[in-house]
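Dropping the structure in here first, questions after.
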């Protein structure tokens, strides 16, 4: 039945066929979204790098940044990554208690991070750095605030997942991808923070 | 085929009983969403065409005042935006939606609900953008909307200054928010198509057997997900500038007006390829079918697509040769821009080589494909001329550039889309378009297009800048402007004939049957229009041009794939499958591979949630535009509510029994 | 293509042996977290104490950040063990984004 | 489309600097074209345009020939039912049409790179005239820092002298384009650009803004007037020793009205009320003059960004209702503020400025 080669590889498929499950689709989808989000953050970081020297009448990064607050926030986010990892392991074991035990602290740590950022921003505004005063202010608040919004959305997502699990009172194997998805997002937000911490804060302090 | 007997027999076919507006609002069927895209984009196309018509009336004679400067500036801005974002791109997405799952042998896209959401956000974005006409002026600073004119009223060194004086410049806020909405939708489409193509191909549909339209879709989607974020960021900064008084694009606040241009063209140049890539794909389907030959140089076609996509990210500054980046940067970008001509040339020659040695049927679709080749080559050549910076200093922002962009976007993308319409309309509607009327429409459109746009090359080098509302009589621009406007009338006549053809076909068109063109791809192996479940049994793909392979070597029907026990000739193969690995974690919704499981085909249920989500986000958009925080917050809360509803809403789906005869 | 039967191990510990998997995965998480914390402290320390000349700081900080990113993506996001297509799309995208934004930044500064 | 470089194109009546826009209109055509270069920059650009065009035309003929051959030779004949041979490709051919275009592009690229640098080279030296061009919504400001001249919309240059332009913008993006002399270069707020050109023959070369800059973008025109060295010196003198004394009673009346209503923005060098440096209202928020300098107005051929003839009647009309002629312009409408006669007086005064 097989005729001389058409298209180089005529013939039935070799190997076995596997139709992707919705969970696999979701995971690839999340990865693509995160890759796209990377490009978004890259644009904002390029904007910040291009404009951060424009402090004009407003305060500059050197006098403004208090690295102690920021490094604390970094550790908070780092811890939340670890607890998220533990929560994910629990979810993959279908361990209902484990999920609650690890994901509630994750959300709380995330919230703490957002709280610290709100505190930090308020502090800066009081010192005269606003969105309007200079483009350092505008690009700083935009970039860091955009990351803060990502963290906030992550907290909302984790919370919604906790509510979902809490109502079911159990974790199914079928739900594992939901935890994987949120964990990927959470780690990604953490990765972006590493970049922001280095590029904005540490380098800003160095000048 | 033994497997054919496994088809379900004797069950009452459950056809698409749903109809009416609500069924369209709640649909998650990729084919219906595709039709929504196609119809909507056609409507926007005629709106954009009307805008162009008014502009050409104004420019037919010197010093004319058919419309005022204010309106003219809105017209050319909205014309560009409408044609690019609301007509050509969604028309491509419409075909992608309808055809890609069929061409890869899938039952739907990976995320049917996200797909519906993409459409509703595109529509919402289009409506928000156009609502500017009624709510305080449409956008008026060109489709690329350069800074700092786009920031409008601004405080500059303590003085409140309107950088866009004259009209109420509210329109650019509609631009910023409307395109943001549509952009989110497009981004989700991009993700959706990539996952669909990577994960959901039928057995045997290896990467190097993918139809080229699917390849171009994949690469277009990659361009979308990596190019749109730059625009998202840009629009975000613009929104902040316009509504919150930041100064990203205001020099007085330390801003940089070129920041907008850089980010815009990082997006904007890939966007041009987002527009033209699916067109390449359609041409690569149409020419082999009507030449009765497989595509010439498949591998080099794939390589060319990938190369063009990669280079598309490396050339953006050629739109900015005259902003003063210096000779070195200009030379680098000139070089990369010229290099794009190489893979593009490979494609052109491969298409012609496909025709050579074939048996060519000059259907309307094929006519449009040939028209595409002629016009796109002209557009590509003026593109090379524009890539020479010293020449570009004369060409840039002149009518030469207007001619170029229309040769690639009308002569290129739109002609290809018309070829696609005449090619796939029978599959989508089940009825043939009239070939006689079709040929009339082609010749009128082709001649009208060239009469309109070819003279613009002359106008450009004779000193007519683009975006002028009028030109004085003493410049020697009278003749070619008159000719161009005359051409528009021919073009319009062609479009009217096309509409008449659509109407005639939908009323009394000849029934198409499954395979009216002696097709080569999987989409022609199923009935027209495609049933809800697409394939009664998942087809087994045995080569490139799978249906043609079966016509030549088999009995002309696709062999159903049988899970576990494969068709006899499949056993010989080893384990060398090029497709990617997946994790078999199971989970609900894993569908049967065929109808053989006895309970029909599992399909997702319709849902209004994407529609509601789009409405909530639109409410937030208007709250932002009109600076009403309460409404904005309300809309955002609604958005999040529906986002989480969508995430946690379990869709049990329903089962459809395939119809008796799927052949 | 793994089919029908999961021919390969699903990500994470196999459900059959939860306790052993839990311990090892948990240990990985803690180890990576400690490494990340150390890297952060080093970066912070360099800046805080002005430990090295200002001119050298930029590359050192970037390398430290890169190390953290690699750790997080490989171990936390599990690109090391997970499907390669994730790594291709994500890695490719990130590289592209970085290259383009750096270039855009240079173009803006060059003037 | 004949893009070959040709001998510079001369038109009767256009060489003389005295030819007004009305005269240009009477001639029917003005040379706002890149096809008839009047200087080395435009000639070089035209040369590259032509070179790339002819290469492209060659490619087009090959492509069209192949396409025509395919369509004619392989079109389905009635009754023909043969199945064509399914050719998968041909490595040699595919390499051929990869390599040949590449070579053609290199042929285009080499002169491109060379000329990129040639055109970007700064022109310095004693024989170079420096002019600063500032784009405004919607007029052009021309500053001659070495001559102390600030004027608008009409740039006078001596023939045979290289002109080094510094391009700036007072508000939004504009693009300075005089096709017969040189291609365009954008005026970018906050980022001064440079370019140069030279006129090798006398003439009046029109140009206009090529980057969309707002409502009346299409009205933002300009003239470059290339003159002999002697005529240029005469023009410079008219500026350096302006006579702004009103000569007639109407003009005197006009001068008073000008001081009240117009001097807030417009500068007339040598006028009794004019201070140095300019008043705060005369400099805009970005430090560039807010309105055209009207010194020696009678030497102008045109008004209002080269859209009106420099006649009393056009000037009166402009004063009366600038918004109707150029919507959105910063110049207010004086209809209802001044009577027709008063507007006429102001115009009389301005037309008497030498």
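Note that the chains take the letters A, B, C and D in the order they are written out, and that residue 1 is the start of every chain.
Quick note on the criterion: contacts are C-beta pairs under 8 Å (C-beta built on N, C-alpha and C of every residue); 3 or more make two chains touch, one makes a residue touch a chain.
Quantities reported herein were computed from a predicted structural model and do not represent experimental measurements.
Undergrad: B-D or A-B: which has the larger count of contacting C-beta pairs?
TA: Output for the comparison: B-D.
Undergrad: So which chain ends up closest to the centre of the protein, judged by Cα positions averaged per chain?
TA: Looking at where each chain's C-alpha mean falls, the closest to the middle is B.
Undergrad: Can you give the whole-Å distance between the Cα centres of subunit B and subunit D?
TA: 38
Undergrad: Which whole number of Å gives the spacing of the CA centres of subunit A and subunit D?
TA: Taking the average C-alpha coordinate of subunit A and of subunit D, the gap between them is 51 Å.
Undergrad: If you average the CA atoms of subunit A and of subunit B, how many Å lie between those two points?
TA: Distance between chain centres, rounded to whole Å: 31 Å.
Undergrad: Let me have the rounded angstrom distance from the C-alpha centre of subunit C over to the C-alpha centre of subunit D, please.
TA: 54
Undergrad: Subunit B: which residues touch two or more other chains?
TA: 194, 198, 225-226, 229-230, 256, 258-259, 263, 266, 294, 298, 324, 326, 552, 563, 577, 582-586
Undergrad: Could you tell me which residues belong to subunit A and also touch two or more other chains?
TA: Expected reply: 6-8, 15, 17-18, 27-28, 32, 35-36, 38-39, 42-43, 46, 50, 173.
Undergrad: Indicate the residues of subunit D shared as contacts by at least two other chains.
TA: 86, 88, 191
Undergrad: Provide the residue numbers of subunit B that touch subunit C in the complex, in ascending order.
TA: 194, 198, 225-226, 229-230, 256, 258-259, 262-263, 266, 313, 317, 324-326, 329, 563-564, 577, 579-586
Undergrad: Help me check something: in the complex, which residues belonging to subunit B touch subunit D?
TA: 68-70, 73, 140-142, 146-149, 156-159, 161, 163-167, 251-252, 256-258, 291-294, 296-300, 322-324, 326-327, 330-331, 334-335, 338-339, 341-342, 345-346, 348-350, 352-353, 355-362, 370, 373-374, 377-378, 381-382, 384-385, 388-398, 457-458, 461-463, 465-476, 552
Undergrad: For the complex, give me every residue of subunit C touching subunit B.
TA: So the residues of subunit C touching subunit B come out as 1-8, 10-11, 83-85, 89, 93, 96-97, 100, 104, 107-108, 110-111.
Undergrad: For subunit A, which residues are in contact with subunit B within the complex?
TA: 1-3, 6-15, 17-25, 27-29, 32-33, 35-40, 42-44, 46-47, 50-51, 54-56, 131-132, 134-136, 138-139, 142, 156, 160, 164, 173-174, 176-178
Undergrad: Name, in rising order, each residue of subunit B that touches subunit A in their complex.
TA: 110-111, 114, 187, 190-192, 194-195, 198-200, 203-206, 208-209, 225-230, 232-234, 236-237, 240, 244-248, 253-256, 259, 263, 266, 294, 298, 538, 540-545, 549, 552-554, 561, 563, 566-570, 572-577, 582-591, 593, 640, 644, 647-648
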